[in-house]
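I've put the structures underneath this note.
One chain, subunit A, appears in both complexes that follow, with subunit B as partner in the first and subunit C in the second.
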Partner chain A sequence: MFPARFPIAAASLIVTLTACSAPGQQSGKQAVATGPIKVANINAQSGQLSSLGKWENKGVKLAVDEANKAGGVNGRQIQLDLFDDQGDPTVGTNLARKIAGEGYVAMLGTAESAVTLAMAPILKDAGIPNITSGQSPKLAALKSPFLFLNAPTSVTYDETLAKYLVDGKGYKKIALISNNGTYGAGEHDAFLAALKSRNVTPIADEAVTPDQKDFSASLTAIRQKNPDVLFVGAEEVESGLIAKQARELGLKAVLAGGAPMGTDVYVTTAGADNAEGSVISSPYLSNDASQASKTFSASYQAAFGEAAELHGAKAYDGAKILIEALKQTKGAGGRPLADAIRAVKHDGLLGDFAYDGSGVGIHATQIGLIKAGKIVAESAG
Partner chain B sequence: MQVFLQTLIGGVTFGAVYALVAMGFSIVYRTMGLVNFAHGNVVMIGAYAASNLYMFAKLPFPVAVAVAIAVTALIGLVIERVLRPLENKDFDLMLIGTIGFGTVLEAGAIRVFGATGHAVPSPVATAPLDVAGIKIPTYSLLVIAVAAAATVLLGLFLQRTKRGAAMQAVAMDHEAATAVGIHVGRSNAMAFAIGAGLAALAGGLIGPMLYVNPTMGGSLGIKGFAAAIFGGFGSMRGAIAGGMAFGLLDSFAAGHFQEYSELVTFLVFAAIVMVRPTGIFGETTVNRA
Partner chain C sequence: MKRLILLIAAAVAAWLLPYGLGGYAIHVVDVAIIFAVLGIGLGLAMGVAGQINLAQIAFFGVGAYAVAILTTRAGLGFWTAAALALLAAVLVGLLVGLPALRMQSHYLGIVTLGLALAFVNWITNATVAGRAEGISDIPVPPLFGVDLASEYLFYYVELVVFALALAFALFLTHSPLGRRLRAMRDDDLAAGALGAEIPLLRMTAFVLSGLYGGIAGVLYAGLIRFVAPETFSIANMFLLLAMVIIGGRRSILGCVVGAVALSLVREALLDVSAYAQLGYGSVVVLVVVFAPTGLAGLPARLRRRRAAGARAALGSFQPYDRVHDREDGRTDGQARDRVGADAVADAGVGSGADLLEVDGVTMRFKGLTALDQVSLTITAGEIRGVVGPNGSGKTTLFNVVSGFYTPTSGRVLFRGREVTGAAPYRLSLLGVARTFQNLRLFGDLTVRENILVGLDRTRTRWVWRYLALPWSVLGFERVLRVRADELIDRFGLRDFADAAPRALPYGIQRRIEMARAMAMTPALLLLDEPAAGLNGEEVRQLAAIVRSIRDSGVTVVVIEHNMGLVMSLCDRVTVLSGGKVIADGAPADVAVQPDVVAAYLGDSMSAPSRTAAEPADEPAPESAAGAATESATESATDSAAEEAAR
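Take a look at the complex of A and B:
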């Protein structure tokens, strides 16, 4: 080992020294320009939201492994390090300071809007670009030059959904049930705004907590209003429980919601019969949607032995964009990397990415329906 | 009226499960004066064991739950055995020990079963009963019936059998119990095993109602613990009453206070405990700590 490594170490030392002495150069950046490029992936690996974090990490890891196998960035390998934020904003801010102090050029994650929101100011000050999987409109509202989303915001999801349900299908009696967490509240506000712009007032608007298990009271109140559509703004498991209990209570309304309802977790929690016909707004409907998604899902299956889904796909897109930008900056971080990410035009799994000033790169979702436990594309009306 | 009755049914179903969890907390507390903070995590292990045996080993649901009870009872015995040297020596360390066991169980479950979890199909796949517009899920009836049966059996065990009486004796005065030849360690072990078994029963039953994942023990544990305090910590009757009260409180608060339901539930809980610190059926027998 040692004899083989020594010349490389010596060579890199020489390169480093010469780089340092070059006039007009920022010595700090050049000093690390030969080692691996350090990229942090921060996602929940434990706690309530760890399933999201695990999916995201797999998507990111797949993209980085592929890039490294293909020779890395300008001959340098990407070193991907995973940190567990436990889905907790406090842990997230600590990790943000940690990666800022340890020379990471970029951060991928987190899957939680609340955690990303907490980390954003620190990463902005440290000049570390962050591509997040969060989709709360609050992230875009920050307008941080260092924060990018790898998916549309709730506004896009719910605008597409309202267009399909109200304009396309002509439903007017719409009830809402959503939780008061960051995601649920974002969905609630976005869908309500989309309804308002169509002069539709919901006939019921029930709020629950993210941890609630029994929805009898809210759902019975909704049932009495006999809605055509029940909009659900909650994460995977809670959406599934709401769907199951709604059907058990004899609620016949069409169930509609965002990406969480397009997952297996939703369908199995609700039961396939109860989930049947659910309307979903999602930028990634299935692994068979395109040639790119087929290739992605095959590599994902081969690497991790499980089927790919939305979270892995969007994390993969985000990582691809970062790698592309790193190639542009030749591995340098800071503001040049953020600008390079904004300039990347990526034909990804979720659509064509073109970032605007608020860090949102995708502005469209599609409508899917749950049929026999599987999500199928519906040509949006 | 319809909303009221429907909320009542939802509340009673979850109340029955909270009661089982609360009984597990109480039986260990009354015998050893110890709060087993790993209890919620044992509920989770029970849910995993029962659902895995039911879904993947294709055992009939009752058999799967029975095996899960045996498995977790064994875990209960292990926890008690490890903590036994501390009994009557360092109480704080024992408490921290149970917290540690809880963390180990959760981390172990993530390691073994993965972080994602799984949904469990209902073992009674029939349409809900319709009584004058009130829908009663058949599985809810099963849960209530099983919880009631378990409660009766446990009551009979504690009052009618020699071992049960011995456990009562240890709960009342462990020194006197030792003096009349009762093995306190064995009695404690039994309490832990029964507590863990009850946890597995609760976990097994709640699996098809919720979603089985490594962190499900957290909120179930806290609500079960609160229910036990509510009813009078250490009292079996209290655990049942507390569990039911908590289930109902939770459900009705959800209807009336929407997103503030959790806050209201625990505010009411705090108010009642302030007025009556010993809970509904507070007993004076338990004073070991």
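Take a look at the complex of A and C:
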């Protein structure tokens, strides 16, 4: 019996000794003043939203590479690490904890609002500033001092769009088709609110799923109402499919939507003829809009061998702002970095960034039209 | 003692683990524990109870979402919400389990999968569930001032919950209820005939599954403090399924090992997650093909390979104590005296009361009339033979009497009570036991457990004790085990007590099935071709056993093709042909009736006659051969009919 009891006694001794102090990580954020500055880029690299995630990563990478080539931040290089959130908020929360535990000072991404929303409380607790590419109004509603958007919220996009369509063009017969994913639902709610404030009730309001491919049932129902405008709240490929199938069904309505419809993916998926005349509300209409965007698209083309588009541009803007703020704090993270980001006034590709208390930096979008497969700014709103 | 040391070592290791882990590693461990709890729930439903449940991830979601909605929308405290969430998960478990009452196997899989999809659809679209964005800002669970926002401290909460959940699951699987669940998994018809309330057991399985899903959901809500539809997707259900299959679904510990292992592997593969799914898929296929019992089954498989040989022998049967002392003091050796003139006089011997009365029973299967106005009365204390050519309705008659079939018309009375169409478990609890023509032993239970299933005479509503009075269950189990040992010794099965029945020779399996039926301490024992496939010596032993059983006060009805055995063993014989009773009386009288002879003409067996009615220990070679072929053909048609009746 004795040999059996000995380990028990020994074990209980260890337990009593160690139980005095609760386990925990020894103050995770050791202020390293040398070595590279660790910045995490979290974006979907697999799954349905991986194309978004890849664009975003290219934009971020371009900005960081440029900064490193120019000598980094106070002589320190920026180490950019990419993590795949698979578009899954739970994976996002895991990654938030991972970067918090591994000494990253800031995070760029994600393109999916749901993932950012899930990560926000953890990053806030860990004191890691996050510049996201999400645009759900709920992000702004969090009012986290550590969360910043690199683009306007859906409210801005859709308010601009509704103003153009209803106030400017006088359309009243408006139909909606949107998916029930985070982006689609956000667009739907924001556009509906913008219409409601103008006393316009949509004549049709169809919901689809983000992975749907055949929309003929919804579109046939919409066609019977014969709308002037069909608002599309969906990501690039789905928007393109909807546009294509709408035209094939003989739907003549003006197609309108947010940023996804201003991309090449939309135009090629829909076909240039079907996309013709689509009305887009976007802060970044084309690579040729300004000198800055021309420079950006040229370096993007040189670095990745493909044309730049909105997602790369906004991620690039976000990364630029972060680098600017890091220079102010001399590479330090935490609350000072968050305050520095808020203070940055950046003349970016998407507009002039000036952050407010809710973390939104841009409050305007432009209206563009697709003409012959290319997006053209509509001068008079 | 060794077990205790292992247990304590494991507990200490678990207690000290957080001290060696970083902030992220502890998070990974926290998530792994949640999946382990989920895995236990799935293991209980799928592995133990055999219910294909692809809605486990939905139970998980119900638990997590209920906490999220109740805390953020209704403003309830975390633990109040948690209690309600468990209740909700159990109720959803009941709801999802309802189809299991009507369908099984892959059909059940499809239905539960559909319900899981419906759940994901609902949370993606319902405003109250936050739609695609999910619900954030779930409050930190308060616990006497301990800050559970720290993942290290939350780990200890999880550890305690997990230890309790695991202990309860292990207790359950090794208790009479768990044994019944496993028996139901292996063969639900036989389990029903042994007194297991199949519908209630199936619901129990789903309730347990829901409960564990709910517990995991509550822990998840407390840990992540955010819920979104993606977490409860079908892809994650597959992951969970992979955990359970890789770990070994029939072992609860295997499920835990699988869940923890795959959680860690998933973490390691985070950077290549695009291909990880492919990897899990391949591993699952490999496991299913090469190690169907999973990781948990590997040690046993290796051991079995090594321990081949050392053939055990069937022991001799120890007769029961006699209840009705026969006036002539007959022993087995004198049995042959009863054949012939004496048998007529003997036929009425017994306690005299009618035990079973079949009154004008007709059984039709879509145009086929298997039984046509069959009436017969079995007197308490007799051995009744039921004979007849193939397809004459003998097994159908048994199925009606034991409750598998509800007759199209007619009545069945047992001890004067009408039991027509009563469920098999009800009849079993009333005292009707049966064996099956084509052996229905529980293949994955040991011989001892097979017998224990028969010994357990409790109703399923007894289950409240498992939660309220677990020690009384342990006491009950101890009593059962003592009685099981007695039975094992009586039937000479000592050497095989811990073997799996399907690995044993046919004759031994027949003996086990009879022991299992006798474990029910029945008043009426129905034996369906007990001599089929037995050799001469085994048939002789069988006759001795059946007589001893009758002498202990059990009435026996036996379907048999071995005419030698029937003639020597039975007090009365009922002859069926074409679903009708064509003769009923003492064996010697019946054998010479012209109808009976006609019914057997053209059959491979010669018509039984006084001269052919030899004692059981010397069966005529040609009749044995005939019995073998007949039983083969009849078992095929009967099992088809049983399938149809399900």
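The rule is short, and it goes like this: the second predicted complex is superposed on the first by the 349 of 381 C-alpha atoms of A that agree within 3 Å, B and C clash if a C-alpha of one lies under 4 Å from a C-alpha of the other, contacts with A are read in each partner's own complex, and residues count from 1 in each chain.
The rule we apply is simple: a residue touches a chain if its C-beta (ideal position, glycine included) is under 8 Å from a C-beta of that chain, and two chains touch if they have at least 3 such contacts.
Source: prediction; values computed, not measured.
Contact with both subunit B and subunit C is seen for A:46 once the two complexes are overlaid on the shared chain.
Contact comparison for subunit A: of subunit B and subunit C, C touches the greater number of residues.
With both structures placed on the common chain, the touch criterion links A:127 to neither subunit B nor subunit C. Look at A:35: by the touch rule set out above, it reaches neither subunit B nor subunit C. With both structures placed on the common chain, the touch criterion links A:237 to subunit B but leaves subunit C unconnected. Using the contact criterion defined above for the overlaid structures, shared-chain residue A:180 touches subunit B and also reaches subunit C. Contacts of A:88 after superposition: subunit C is touched, whereas subunit B is not reached. Shared-chain residue A:168: touches no atom of subunit B or subunit C. In the superposed model, A:145 lies in contact with neither subunit B nor subunit C. Residues 45-47, 50, 180, 207, 209 of subunit A lie in contact with subunit B in one complex and with subunit C in the other. The touching residues of subunit A, counted against subunit C in their complex, run 4, 7-8, 11, 14-15, 18-19, 22-25, 28, 45-47, 50, 83-84, 86-91, 93-95, 97-98, 100-102, 113-114, 117-118, 120-121, 125, 136, 138, 180-182, 184-186, 207, 209-210. Contacts from subunit B toward subunit A in the complex involve residues 2-3, 6-7, 9-11, 13-14, 106-107, 110, 114-119, 121-122, 128, 130, 135, 137, 209-211, 213-215, 218-219, 247, 250-252, 254-256, 258-259, 261-262. Of all the residues in subunit A, the ones that touch subunit B in their complex are 45-48, 50-51, 53-54, 179-180, 206-209, 211-218, 220-221, 224, 237, 240-241, 245, 248-250, 265, 268-271.
Taken together, the subunit C residues at the contact with subunit A in this complex read 1, 4-5, 8-9, 12, 15-16, 18-19, 21-28, 31, 124-125, 131-134, 136-137, 149-153, 224-226, 228, 230-231, 267, 270-271, 273-274.
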